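Paired with chain B in one complex and with chain C in the other, chain A is shared by the two complexes that follow.
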Partner chain A sequence: MEKAGKLNKYIFTVVVLYVSWILLTATTRADELIVGLIVSLLVAIGSFDYLSEHGLSHLTPKRVLYLIIYAPYYLWQVILANFDVAYRVLAPSMPIKPGIVKVKTNLKTDSGKLALANSITMTPGTLTMDVKDDTLLVHWIYVKDETVEGATKEIGTPFEKYLKEIFG
Partner chain B sequence: MIRKIVYSIFLATIVLALVMFFAAYPFGKNKMTVGEYYLNNGVAQTGASNIVTSVVVDYRGFDTLGEVSVLFGAAAGVAILFFVLAENRRERKNITSPNFVVKVGSRIIFPFILLFGTYIFIHGHLTPGGGFQGGSIIASGFLLLYLAYPGTRVSRKKLSAVEGLAGLTFVLLGLYGLMLPESSFLFNFLPKGQLNALLSAGILPIIYIAIGFKVAAEFAGIVDDMMCEVICRGGEK
Partner chain C sequence: MRLILGYFLLYFGAIFLFLGAFGLIRLPDLYTRMQASTKSTTLGAFASVLGVGVIHPDWFVKCLVVALFILLTAPVGSSALMRAAYKTGVPMTDSTTIDEGKEFFGEEQEGEAK
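After this line comes the complex of A and B, so read on.
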């Protein structure tokens, strides 16, 4: 994705904030919609430079569609990981093998790397400790594979195939 | 030994006083007559569906004006303290560079924090929360930026302007109410509107928006003072 101009970023911020406002108020009453638009326009003045460098190019139908698909997919991954960690906690043999592994990512944008890092952190059992360029340092409750390629395939790839489409 | 006797007498006096105090009130009867009045009449008189707001901003609006002033005094006190300390401060430069997640995450979440804080104080008369809470949330957004980007500085002139204008709005609304016939300071002179609508409860939402801006500016100023004690002034000497 290429970097966007100021007006582009401003409109993108207004759109995202307005959608958030509608989700927050959870109503389509006219007064809330009008006030929400005014608030979005005002808040975006002070904050459009922070949200994203790429502006409206985030909002292609394909990216939005993948974002909507990613939410339940991610939830499913979290549920699976929950059962895995619960098993490791409850099993009397205590099958843990904690360690820190390197995970490579092909994501180019900062927001994409952040989404990947947070997806890994919020999944039980794995925790992103730091991000340096294209490498994530991940703490893993059971190190199945110490190599960079193996860890990337186990931890990063399940999320990355969607995040690649959403954030590029 | 004498000390123990004195203590015992002291304790007995306190217990006796408490017993006599509570004996004057019948057990199990509702004593909150003021609270009862607010609960029964608050919605009809102020038009705010959030009773807490109707008490804080309408019935005790003058008290809230005092609270806002106290907050201003506290912010000024912090500023004075750090201004004086700046003379003989220690050099603090061992600040680790913020983590990637903090840096990028705070940029992305900052607009949403501003929006959420605004949402809280605009809906102060309808839902839990209000000017103080919303303002604090907005200031926390600035704190996040200060933590993620140690070079950040919010313009103090702009903060002072926002704070002054917000305070002025509050006081002028109150004074306008005083000028109307048969009314009082902070009299709710605007129409009450329909219950639960965004434009209801007369001047309450306007006052809460003003308080929101004022609190946000004051807390952002405190954040600026404290973070600059650590970061901004570290270099100059």
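After this line comes the complex of A and C, so read on.
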């Protein structure tokens, strides 16, 4: 995907900042809203180049829809991961078999890889250590498959089909 | 009803925070401990903050935003810590089966030299 123009990125950053402001202040008072808008506009001048990669093209309906589907799935994985940890910590035999494996990804954008790395960290038993090009280094608390292909299938694939739609 | 849900979330969070701390004692090495602490503190803090939001509806939106930021940023921090620990050579437990990290970071150093 091509890089977005400067104005495009700027507007996207302002929108994100302003929405965060409104949610954090949780008010509809006019003075708060005006100050928030001014601050968003000012902060975005200095930060739009770092905060946004593709500008407004992130806000297509399809992406937003997939994000809405993905959010509960992610939350569910977080809860599953916690019960998994609880089981491993409390079981007297402590069923752990830790190891560090490599996982390949098809995602191309940096934001996509970040989202994948975050998701992997919150999945049951896995924690991303580093990302380089298309390889993720993952610490796995119970190694089921030592090969790159096997680990990829086990760890990365369930998330990729959503993240591919969101981040491309 | 609202209060019941709120307190349920608070205690739910507290239980997982406790389990995370318990994991720190029981698990054998830094890497597995990080696994336990990352996951349980994220959900623990998430549920606790959300519980406070449910008990005090005025704060709900704020709490929701705070909870979302915790959910988004905690994994990044733990990844950075884990990577730093590995690079400085913190030993892994004896039951470790496979370690592809040497190869992975070895490539990186060669790449930097070129």
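Quick note on the criterion: the second predicted complex is superposed on the first by the 165 of 168 C-alpha atoms of A that agree within 3 Å, B and C clash if a C-alpha of one lies under 4 Å from a C-alpha of the other, contacts with A are read in each partner's own complex, and residues count from 1 in each chain.
Keep this in mind: a residue touches a chain if its C-beta (ideal position, glycine included) is under 8 Å from a C-beta of that chain, and two chains touch if they have at least 3 such contacts.
Please read these numbers as outputs of a predicted model, since none were measured by experiment.
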item: Simultaneous placement of chain C and chain B on chain A, clash or fit; value: fit
item: Partner chain in contact with A:Thr128 - chain B first, chain C second, else both or neither; value: both
item: First (chain B), second (chain C), both or neither touched by A:Leu24; value: both
item: First (chain B), second (chain C), both or neither touched by A:Ala117; value: both
item: Which of chain B and chain C A:Ile100 touches, first, second, both or neither; value: second
item: Chain B versus chain C as contact partner of A:Val39, first or second or both or neither; value: first
item: Smallest separation of CA atoms, chain C relative to chain B, angstrom; value: 7
item: Chain B and chain C footprints on chain A, overlapping residues; value: 20, 24, 114, 117-118, 121, 128, 130, 132
item: Of all residues in chain C, those that touch chain A in their complex; value: 16, 19-20, 22-23, 26-29, 31-32, 34-36, 38-40, 42-43, 46, 58-59, 61-62, 64-65, 71-72, 75-76, 78-79, 82-83, 86, 92-93, 95-101, 104-105, 107-108
item: Sites on chain A touched by chain B in the complex; value: 13, 16-17, 20-21, 24-25, 29, 31-32, 35, 39-40, 42-44, 46-48, 50-52, 110-111, 113-114, 117-118, 121, 128, 130-132
item: Complex contact set, residues of chain B against chain A; value: 99-101, 104-105, 107-108, 110-112, 114-116, 118-119, 122, 145, 197-199
item: Chain C partner contacts - residues on chain A that touch it in the complex; value: 20, 23-24, 26, 74-75, 78-79, 81-82, 84-86, 88-90, 94, 96-102, 114, 117-118, 121-122, 125, 127-130, 132, 135, 137, 139, 141, 143, 146
